[in-house]
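The structure under discussion appears below in the form of structure tokens.
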Amino acid sequence: MRIKPRIVDVFVRISLNLQAFFTVGILAVIVAIIFIKGSPYINLEFIISSPQDMGRHGGIFSTIVGTILLVLLSIFLATPLGVGTAIFLTEYTKESVFTKVIRFGVESLAGIPSILFGLFGFIFFVTKLKMGWSLLAGVLTTTIMILPTIIRTSEEAIKAVPRSLRIVSYSLSATKWETVKKVVLPSAAPGILTGVMLSVGRAVGETAAIIFTMGSSLRMPLSLMDSGRTMAVHFYILAREGISMENAYATALILVLSILSINILAYYIMNRVISKFS
Amino acid sequence: MSKAAFFIFLSFVTLLSSCSINDNSEIAKKKHTITIAGSTSVMPFVEKLSEHFMVDNPNIIVNVQSGGSTAGIQACFNKTIDIGMSSRELKEEERALKEILICYDGISIVVHPKNPIKDLPLTKIRAIFSGKIKNWKELGWIDRKIDAITREEGSGTRGAFEELVMKNEEIDDAIMVQDSNGSVKEIVATDPYAIGYISLGLVDERVKGLAIDGIHANIQNITSRRYKIVRPFLFLTNGAPKEHVQTFIDFVLSKQGQDILRKEGLVGVR
Amino acid sequence: MKAKITVKDLEVFFDKNQVLRGINLSINKNMITGIMGPAGSGKSTFISILNKMLEFEDNVTIKGNVYIDGVDIINSDVDQVELRRKVGTVFAVPIPLPRSVFENIAYGPRLKGIKDRDELFTIVKESLEKAFLWDEMKDRLNTSALKLSGGQQQRLCLARTLALKPEIILLDEPCSGLDPISTAKIEDALSDLKKEYTIILVSNNTKQIARITDYSAFFYMGNLIEYGPTEKVFTYPANKKTEDYISGKFG
Amino acid sequence: MKEYFVKYMLMAFALSSLFFLFLIFIFILFEGLPLFHKAGLKHIILGSKWAPTKGSFGIFPMIISSFLVTFGALIIGGPMGLSCAIYLSEYSGKRMKMFLKPALELLAGIPSVVYGFLGVVYIVPLVRDYFGGPGFSLLSTSLILGVMILPTVISISFDALMSVPKTYREGSLAMGATKWQTIYKVVVPSAKSGILASFILGMGRAIGETMAVIMVAGNALRTPLSILDPLRTLTSNIALELAYASGDHRLGLFSTGVVLLIIIMILNYIANFGIKKGS
């Protein structure tokens, strides 16, 4: 028997609707589980006191500090490098074999899984350059890992700046760099910021690359050569080794909340940019 | 833009200087750091020891990391750490390091508390892990596949287990692998059909330790050498340790240190 | 009469496509010179050579000589920044930079290294006065330039160019998008400015050229068809094409 | 002078990405290749026994397992992601799109360890109790990875669907086709290459995932014989043993890395260059 196309149409519409909401539902369920299980154990004490007894007791302060140090330092290195690359690709060159090769490099770097960054960081920074498990090795590895995201989003943002603004700037006797600095970058700043925020989100949630480069010491890192533990690594160890499910859920909640709010902020900024230029 | 960059830079400087201010005040008291790395089995106990140690010696920071016995031995050779931790005997080529025996650890064969089996002969355990016995029925329980869990290649615990339990037989490659005592224990605690092996010190009410050939894994039986699945926990140093490092080693070997280890289920050397 | 700009045998190619075919002319100081012609005649290309803005296009070949104050800007190594300070441009569409009125005008002077607020303010005030915009803007110096009306924006762009203290001002159809009142304001400003500057006005509007220019040139298909005093060009055109163009038969 | 300095500095920045890629390749190859020479390519790629401390470096089961979980993830995440993308581009209203698109992309922001953990706590016992086996299995891993690749599949195939010209749809609707017929016969075939690219990039994400896989896969060395058997992927092999390894054992892990790197590069190349050229 042939089913009428109209009926198929209605059926498809309903099932696609359900599919989409099912998928969003997964996100909602994940967040809900983490929230319900984690929120009873979160209080100020948990945030401002450092872990004791491998994290079975006490809070997660040293891992928050470890996360912030790692992320800020990586962003501090990767942003100029990434934005500089984007400026070079969009403003200083015409499409050529040379830019294609650089783009190929960026795309390839973006596709490399984090465990290979970990493997590389471990052999290069930790072992060959004798940094040991340290904040420095973690920062350098993370920098390389987030670089492609910053390059791509910055390039998009810079390309969205109208060409006419550049022409006007040149006609007013600005050099190329003055134009970039005074006209292009300020206009592209929100887009670049979005890319930076997404990278922050990625670095905060990363485990595989960091555990083999920064190590997992629970002590607060006080210098670049100290090992340290990020929240994500702490959560991994707590959950995997069954040290404390309560603290694991609480750490996961803080982790997920911070990443979600960073990402939501990034989308908010991006939307404002889109509405500004269209 | 440049203002923003400057602001970020400024906040960095503030952050770093606030760290170094902390350091300065501590330098006044001559702060020393001891870095310890190695076996994941030894680590939790040394972490505990260091917490007690630092209460009495606030001017010494003890930094304990895991990474595995082999990594600890390597790092000790490279002098990147002060003390290496190992849960296996040194190999021939590693003998240049100085060994300090801090305690003994029994390896307990554990199952889920619901599992009615209490005692197994060593040969049966070997048969489970070599894949010859695959079903709990063969051991007199229900008809259900055994979910056996071993440790990963290179682990000190696995090395000791292979030597003391498996003898010359190989561990079957269909058996699940986890990379720490904690994760093996987690699986055994949640899967009623699982069997694994972990440090005696970590056994609690969430898992059930089996007696081997009628002998329970406990401190008396280890001290009297009746329980055979035992391995040493070692500290390793490269050359003569610095003064503050020696202070920590002395603490671990003191009565106070050994009591802490005993309370954690390990067997002291004093 | 002193020639400010002298052009000799100027040829321009985009790829293999020739857009200017052997242009020869001299442009006088302190006068408004109009350049007219239908779309695609090469008039915009011509003026963008004068401040070297053509270099932002791909695959351009330029042949011949362009002398400004006796210096060949095509074949000698002139400093582009200096040249663009000397030769200012106002584009067809007003393009304010996304910043305040004050900062738009101070953009050029700041690039010159002027940092003193009072000095900048003087320049901004003078430039706005010359563009007949001061009265409207004196209380709005800190508003975003994007909030001004189209006519105000175009006069702002003129003031911004004047702030560079140029000697030559190029205007590329500056009134194409404006209403008659705004156009009149710009024309008044230009007539006033020629005392101090050499002005080149590109326009497709023959009436505007007739109204305010002293000399005018007619470009067609990359050729300079006719060039002379505006009065003569409009009353006794030497060429039939010119006559057809100014009488509105094509264009 | 300053301009030149800036230009060359920016060029140096741009080259840094290439330099890093080069460094990563060199160091992973440098550490990984000697063992291929010593033990033989065939022994490593096709060998089925991994006992690195005893001289066996076979990673064939891990290569197979990596592909198994990747295809498993694709079977689960592919159709689900594609239908979400179709819903977003063809059915949802503008406001719904504004809400759904970011919400779905937020799925990508959740750390993989959280996925792995929830997998261990909820999926593994479910599989153990209802399907049998230890729960740590090909099935659980595929389920988790299937969800993890959703954002990649959705956002890239959404972009592909959106870039199909409106006239195609109007033409088909004008000829009396229903909406679904239009999507099925016109829109999806036109966006085929982009959808394919989204699947391949999703595969890249799945094959490279580490921590979540370690947590739910069970990590047994043997090739799984059923979807309920535990398995070990290339990535988890590295992460599981790296900390402990020394000597040839460590070289073996780098060889695993070499194989993984080559697979990833091939997938990325197909997704980024191969497919776009074909369209």
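When the chains are written out, they are named A, B, C and D in that same order, and each has its own residue count from 1.
The definition used in the following text is that a residue touches a chain if its C-beta (ideal position, glycine included) is under 8 Å from a C-beta of that chain, and two chains touch if they have at least 3 such contacts.
Source: prediction; values computed, not measured.
Listed by label, the chains that touch chain A and also chain D are B.
The chain with its C-alpha centre at the largest distance from the centre of chain D is C.
Taking the mean of all protein C-alpha atoms as the reference point, the chain centroid lying nearest to it belongs to A. With A-B and B-D as the two chain pairs, more C-beta contacts join B-D. Look at where the CA atoms of chain C average out and do the same for chain D: the two points lie 57 Å apart. For this pair, chain B with chain D, the centres built from the Cα atoms lie 34 Å apart. Here the CA centre of chain A is 48 Å from the CA centre of chain C. Residues of chain D found to touch two or more other chains are 120, 243.
Contacts with at least two other chains are made by residues 66-67, 186 of chain B. Of all residues in chain C, none touches 2 or more other chains.
Chain pairs that touch one another, listed by label: A-B, A-C, A-D, B-D.
Only residues 94, 164-165, 167-175, 178, 182-183, 186-187 of chain A touch chain C when the two sit together in their complex. Listed in rising order, the residues of chain C touching chain A in the complex are 51, 53, 56, 58, 80-82, 84-85, 88-89, 91, 93, 95, 97-98, 107-108, 111-112, 157, 160-161, 164.
Chain contact summary for the complex, chain B toward chain D: residues 66-71, 73-74, 145, 147, 152-155, 170, 172-179, 186-187, 190-191, 193-194.
Contact residues of chain B toward chain A in the complex are 1-2, 8, 12, 15, 19, 22-23, 37, 44, 47-48, 51, 61, 63-67, 75, 78, 80-81, 180-183, 185-186, 189, 206.
Note for the complex: chain D touches chain A at residues 2-3, 6-7, 9-11, 13-18, 20-21, 23-24, 27-28, 31, 80, 83-84, 86-88, 91-92, 100, 102-107, 109-118, 120, 122, 147, 150, 154, 177-181, 201, 204, 207-211, 215, 235, 238-239, 242-243, 253-254, 257, 260-261, 264-265, 267-268, 272.
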